[in-house]
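In the two assemblies presented below, chain A is common to both, partnered first by chain B and then by chain C.
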Partner chain A sequence: MNIMTLNLISSRVHYHFFPSGHFESQWSGCMENAHGFEDWRIGLAELRQRTQNGGHTTEAIGVRLVHGGSTFRNPWLVTAETEVELQSLSAEAPLHIPATIELIRAIRETYCNVPLFLFFETSFFADMPERECHYALDVNSLGMPNLRRYGYHGLFHEAACAMARDCSHKQGFCFPERCLSICLETRPEIVAVDGIQPVMVSSGTTPLEGLPGQTTAGELDAGIVMKLVRKKKWGPEQINHALTMESGLSGIAGRPVRLDEVLESDDPSLRLARDVFRHRLLLACGSGIAVLGGLDAIIFSGRYAPSAHYLGPWLQERLKRAYQGRSELVIHEYTLSHGIDRILADQIRWRPILNS
Partner chain B sequence: MNILVCNCGSSSLKYRLLTMPEENEISSGEAQRIGPVTSEPARIVHREGDRETVHPMDLATHQQAFHEILSLLAKGGKRPDALGHRVVHGGRLFEQPAVITPTVFEALRQVRELAPLHNPPAIDLIEECQTRYASLPQVAVFDTAFHTTIPEHARQYALPLDLVQELNIRKYGFHGTSHQYVAEEAAKMAGIPMAEFNAVSCHLGSGGASLCAISKGRSIENTMGYTPLQGLVMSTRCGDLDPAIVMKLLSLYSGDMDRIEDVLNRRSGVLGLSGASADIRDILGNWDAATSRNNRFQKTLQIYLWRIRKYLGAYLTLAGPVQAIIFTDTIGENVSLVRSVVCANQNYFGVCLDEKSNRELKQLPGDISQAGSPVRILVVATNEELAIARQVFRTLSLNNEVKH
Partner chain C sequence: MYELLRMKNSGLRKDVMAFTQELIDTPSPSMGEKDVADKVAKQMDVLGYHHVYRDEVGNVIGVIHGYEQNNTLLLNSHMDTYQAGEHHPMRVEGNRIYGTGASDCKGGLASQIFAGALLLRSLLPLRGTLVVTASVAEENGAGIGVRTLMDQTLPEMGLRPDYAILGEPTNLGLYYGHDGWMEMDIKVQGADPFQVDNAARRIYRSYEDRTKHTSSQVNEVEIHDPVFPRESEGRVAVLRVAKRMQIADQAQQILTKTERDVQLLTQPGSSVDVSVGVSREQQISYAGQEMQVQRITNAWATDPFDPLIDRSRQVLAAAGSPSCPGKWQLDRLGMGTAGATLLNEYNIPTIGYGPGHEERAHRSDEWVDGEHVVQGVYGTAAIAHGLIGFPVCGWTTDDI
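Right, the complex of A and B next:
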C-alpha cells in the first residue's frame, strides 16, 4: 500500500511518502510559505503530481492531529460528518482545530477517493483514570466542564510501548507490565503505563504543563502567573509568549538550545538547564513508580531518543538508589528510533480495523 | 528564660509561653476572630496547665489581641523575657532566624507582600512590640528558612533568567518550621543523627499541606513553590495547575485578578471538588458515600490521595534510600486511612505499613511500620511553637542576649 503522511505544525505541512514495501519514507518535505486552504490545495496537487510522475498512486493518507478531545478516542476514517465533529472541538483548541479542518478539506478535494485517516495524540489518554485527569477545581462553576489533563505525545508512547512488548517477547523476557515511557521531543513528556493503559502523564490540559521543554516553561506555581499580571501588567498573550517561546531550557541557558544538546553537552553554561531537566524527570519517574507500584521498563522515544544513551544510565542509577525492595531489581530499557511519520504509516499498515 | 511565641494567622493569634531551654509550657492559647465583627464574638481561649478559660472581647487588631494576651499572662503572674514571631515568608532576605533591629525591620517590610494573608499581621505585631515593649528582645523565625538548602536546580523554574532575577522567582517552600521539627524528632526516634537522616516529611494539615524531601537532615524539595498555592490538593487551594488555566481564567474574567486569586486560593481544592466541605475529614466521614460510584465525594477523595501518593513517590526517589516517612499535623496525625492509602503498594521503596498499628495508633509519637520494614513510618505531633522557641533561644544565645 502506498501511504502519504501529513503533519501540520505551526501552519506548515510536513509530508512523507511510503511506497508499498518500504517501511521508511522514500521522499519527504515541507510545504514552505503555504498557509491556509488555497495554498495547501495547490501544494497537495503538486504532491499528487509528483507521486504520479514517480509511477505511484497514493492509496491511503494519514494525518497527525494534536487534539482530539474526548470525541476522538481512536484513529478516525474521515467521512462527510467528520468536519462537523471536529468543529465541536474548536473551543478546546482554537488555534489548532480550525486549521486542521481547512487542511482536511484541501486533502479531500485533492485526493477525492483516497481513504484519509486521522491520528490523534490525545487518543491514547482517553481512558486515563479520573483521579489523574482532574484538577482540584470546581470546573462547572468556572464554566469549564470539559477541563481535564491530556497527554500530547500519545502516538509516540503507544508505538514505543508496543515496540517494548514486542522486543521483550523476542528476548524471552516477561511482558513489561509497569513502564515509564519518556518521549524526548521539543516538549518532552513522561507517561506511566500500566499494562497498556496510561495512568499518569506529565502534560496538562495543554502541553505547557509538565517537564520543561526547549522553550516551554513546564510546571509552574500558578502564583507566578498571577505575579506576572500584577507586577508586569502582562495580559494572556504576553504571558503565553513568554512561557511558550522564551522559557524552558533556552530560558535557563539564556540562548536557544536543543534538548539533545542540553542532555549530551559538557558545556558548563548548560549545566543548570541539564540539572533542572534531570531533576524534574527524576521526580516524575518517582511519581510514576508510586502509581504503578513498581517498575519493569523505561522506554525512550521522540526525535531526541538517541540522547537516551546519556540519560538512561543516569536515570537507572538514581532509580536503583531509591530501591529498597526484597527481590533483585531489573529495569529493562528500550529506545524507539522511529519518527512520527513512520509511526503514522505503521498505524495504517497494521491496524486491521483501518484496513478492513 | 520565658519565651512567648506568637503565630499570627489572618484572623487569629496562637501563642505559647515556654521556659527554655527546659521546654516546659507555662501557658498557651489562641485569640480567635480578630478583625471585623463576625457571626460569633471574638475571644481568647487561654490555657494554663489543664485549665482552659474563654474570654470574649472585642479584638479589632492582632496588636490589641497581643496586649490582652499579655494581661491574661500577667494576671497569672507570668511575663515573657523574649518574643518569638512566626513569619511565613522570608523571601531571599531571610535564611536564618533574625533578631529584630531597626535594620532587620526595614528588611521585613520588603517581604511583607510575599504572603499577603500571613506576613502583614506578623510584621505589624513586631512593629507594635518594638514600640511598646522595646526592652523585650524579639526574634523572627521564618517558615521558608529550612528550605534555603534546596539546591539551585530544584528551586529554579524554567523561565527567562531576566524575569527570574527581576521578580525574585524561585521555589521558596513552606511549613519549614514544622518539617524541621518533626524530622528532628523522627531522627531521634530512629536513633540516626540528623546529619545522616534521609526522610520524606508529610505535613498534612486541615488547611494547608506540603511534603518535604530531606537528605542528610536538610530540605532538598518541598511541594509548595514560589507561593503556598503550588503542590498538593489543600482545603481551598488548588495545588498544581497548568499555567494555561490561569491564562484561560484571565480571559474569562476579563483580567480580574482579585477574582482569580479568590477562586484558586479560597474556592478550589477539597471545597471546589466536593462542593460541600473544605475539610477532607468531612469527606472521609461519609465513607459509604465516598466509595459509591459517580459520587463527587469519591472523586474528591481519589484526587486528594492520588496527588499525595505521586509526590511521596517522587520524594522517596529523590531522597532515596530514605530511612523514614513522617506524618504530621491534623490529617497526618489523626486520619489513618490517608496514611494507609498513600503508603499502600510502595514495596519498591521499602515501605511496609502495619495496618493494625496504623488503625489502632493512640499515642504520639508512634511507629506504624511492619517489623523489618526498610523504611520506618512515623507519626509525630508537630509543635511549631516549640520549634520556634528553640530557634529563638538558640539565636539569642548566639547573640549573648539570654538571661537565665
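Right, the complex of A and C next:
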C-alpha cells in the first residue's frame, strides 16, 4: 500500500511518502509559506503530481491530530460528518484543530477517493482509569464537564510499548507488563503503562502540565498564576506566553536550549536545568512505579530519544537505589528510533480503523 | 499564538500596503464615499468575510461569525475624509503614504479590514462575532453612518455589539475618549438693519477676543464670519460659533448660557431678537438618503477601568506591542469620533486603536506610516481575539 503521511506543525505541513513495501519514507518535505486551505490545496496537488510522476498512486493518507477529546478514541476514517465532530473540539485545542480541519478539507478535495485516516495523540489515553483522569474539582459547577487529564504523545507511547513487547519476545524475555514510557520531545511526557493500558500520565488537560519542557513550565503551583494576576496585573495571554514560551529549561538556563543539549552537554550553565529536569522525571517515575506496583521496562521515544543513552543509565541507577540496593533487579530498556511519520504509516498498515 | 499571528500578518503585508494606498488614492468626501465603499466591499469579499452587506446610507458591513454568538465586537472606521480644500492625491515616500485621509482614518480602515482577514487566515476560532464596519458621514459631524448602523442595520442583522474599537488615529495607543464640540447658530433679527449689524458685530468681536486670548494650544471656541440671509421682513445675521464641550457639559445648558451672554452684548433698549440653536444642515448620502444633521459631538470617555481597556492592554502586552491608554486631544474644533455616539447613545464601551497621528489629521500634508498600518492589523487582530476568541491556554503552535 502506498501511504502518504501529513503532519501539521506551526502551520507547516510536513509530508512523507511510503511506497508499498517500504517501511521508511522514500521522500519527504515540508510545505513552506503555505497559509491555509488554498495554499495547502495547491501544495497537495503538486504532491499528487509528484507521486504520479514517480509511477505511484497514493492509496491511503494518514494525518496526526493532537487532540481528539472523548469523541475520537481510535484511529478514524474521515467521512463527511467528521468535520462537524472535529469542530466541536475546537475550543479545547484552538491552535490545532481548526487548522487541521482546513487541511482535511484540502486533502479531501485533492485526493477525492483516497481513504484518509486521522490518528489522535489523545486516543491512547481515552480509557485511562477515572481516578487518573479526574481533577479534584467540581467540573459541573465550573461549567467545564469535559475537563480531564490526557496525554499528548499517545502515538509515540503506543508505538514504543508495542516495540518493547516485540523486542522482549524476540529476545526471549517475559512480556514487560509494567512499563514507564518516556517521550523525549520538546514537551516531554511520561506514562505508566500496565500491560497495554496507560494508568498514569504526566500531562494534564493541556500539554502545559507535567514535566518541564524546552520552553514550558510544566507542573506548577496554581498560586503562582494567581500571583501573576494580582502582582503583575497580567491577563491570560501574558501568563500563557510566560508559561509556555519563556519558561522550562530555557527559562532556567536564561537562553533558548534544546532538551537533548541539556541532557547531553556538560556545560555548567546548563547544570541546574539538567538537575531540575532529571529530578522532576525521577519523581514522575516514582509515581508511575507506585501506581504500577513495580517496573519491568523503561522505554524511550520522541525526537530526542537518542538522549536516552545519557538519561537511561542515570535513571536506572536512581531507581535501583530506590529498590534498597537490589542489584539483581532487572529493568529492561528500549528506545524507539522511529519518527512520527513512520508511526503513522505503521498504524495505517497494521491498525484496524474503528470509527467508534 | 502570537508567533502565528505575526507570521500570517507578514504574509498579508504587501496586500495591506497596496489596499491602504488604494483607499487613500480614492477621494471620499462626506456623502461622496461610494468609490471607497465599493473598494471596501470588494476587498472584504476577497478576504473571505462570511457576509458583506451595504445598508441604505452606504455603510459597508463585513461579518465573521464565531462558533457561538454570545459576544459581538464592532470594529468601526469611517470612509469619509475631512475636505477643507482640494483632495491631495496619494504619494509614497519611503514608508510614508501621503494623501487626504491617510491618518484619519484610511490607515485605520485598512488595518481593521485586514485584522478580520488575519484572524481568518490564522484559523484561530472565535467564540463571538466580529463585525467590521466602514461608515459614511463622520467628518461632517453628522454621525449618520454610525447611527444608522446602530439603529437599523445591525439590529436587522441580529447583531448588538458588546464592545467597539475605532480605527481613528491613536498612534497605536489605546484611547478611550475625547472632549466634544458643538456648533451653534446665533441668529440676530430685527426690523432695524443698523441695530442688527451692530449687535452682530459686538457678538463677533466678543468671540474673536476669546479665541485670541486663549492660553491653551487647544481651541476652546471659534467663530465664523456672520452671514446675512435674505428674509422677507427685516434684517437677519447668523453667526456660527463652535465651542468645546467637556464630559459634564450638557448641550442645552451651553445653548441657554450662550443665549444669555449674547443678549447682554446687544445694546440695552435695542429692538433686536437673539436666539441660539444647534447648527443644522440638510445632507444627502451617496446612496441618496436625505438627512438632517445636527452639528454636535458630545464628549465621551469609556471608564478607564472598563474590562475592555484592561483586556486590550493585557493582550497587546502579551503580543509584544505594549500600548498605553490615553485620550485624543482634538486640538482643533470640529474634530471628533464615533465614540460619542457609540458610548453616550448606545452604551457600548468603546476604545480607539489605529495607526497614524491625530496631529496629522485634517492637514494638507497628512500621512500615515505603512508599517504602522501593518502593525495595526496585528494589534487589532490580537485585541479582537482577546475579546471574542477562544483562549489559548497551555498550547503553543509548535512542538506538540
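Here are a few things to note about the model shown:
Everything that follows uses one rule, which is that the second predicted complex is superposed on the first by the 346 of 356 C-alpha atoms of A that agree within 3 Å, B and C clash if a C-alpha of one lies under 4 Å from a C-alpha of the other, contacts with A are read in each partner's own complex, and residues count from 1 in each chain.
Keep in mind that, in the parts below, a residue touches a chain if its C-beta (ideal position, glycine included) is under 8 Å from a C-beta of that chain, and two chains touch if they have at least 3 such contacts.
Keep in mind that this is a model prediction, so the values were computed, not measured.
After superposition on chain A, the partners chain B and chain C are seen to fit next to each other with no clash. Of the two partner chains, both chain B and chain C are touched by A:L208.
Once the two complexes are overlaid on the shared chain, A:E189 sits clear of chain B and of chain C alike. Shared-chain residue A:A91: touches chain C; no touch with chain B. Contact with neither chain B nor chain C is seen for A:D346 once the two complexes are overlaid on the shared chain. With both structures placed on the common chain, the touch criterion links A:P236 to chain B and to chain C.
Fitting both structures onto chain A leaves chain B and chain C with a minimum C-alpha separation of 5 Å. Comparing the two interfaces of chain A, the one with chain B and the one with chain C have residues 204-206, 208-209, 216, 235-236, 240, 243 in common.
Residues 129-132, 134-138, 141-144, 147, 149, 200, 204-206, 208-209, 212, 216-232, 235-236, 239-240, 242-243, 246-249, 251-252, 254, 272, 275-276, 278-279, 282-291, 293-295, 318-319, 321-326 of chain A are the ones that touch chain B when the two sit in their complex.
Within the complex, the chain C residues that touch chain A are 1-4, 7-8, 11, 67, 121, 123-125, 127, 310-311, 314-315, 317-319, 386, 389-400. Those residues of chain B that touch chain A in the shared complex are 152-154, 156-161, 163, 167, 169, 171, 221, 225-227, 229-230, 233-234, 237-252, 255, 257, 260-261, 263-264, 267-273, 275, 299, 302-307, 309-318, 320-322, 345-350, 374-375.
Here chain A touches chain C in the complex through residues 9-11, 33, 35-36, 66, 87, 90-91, 93-99, 102, 121, 152, 185-187, 204-209, 213-216, 233-238, 240-241, 243-245, going by the rule given at the top.
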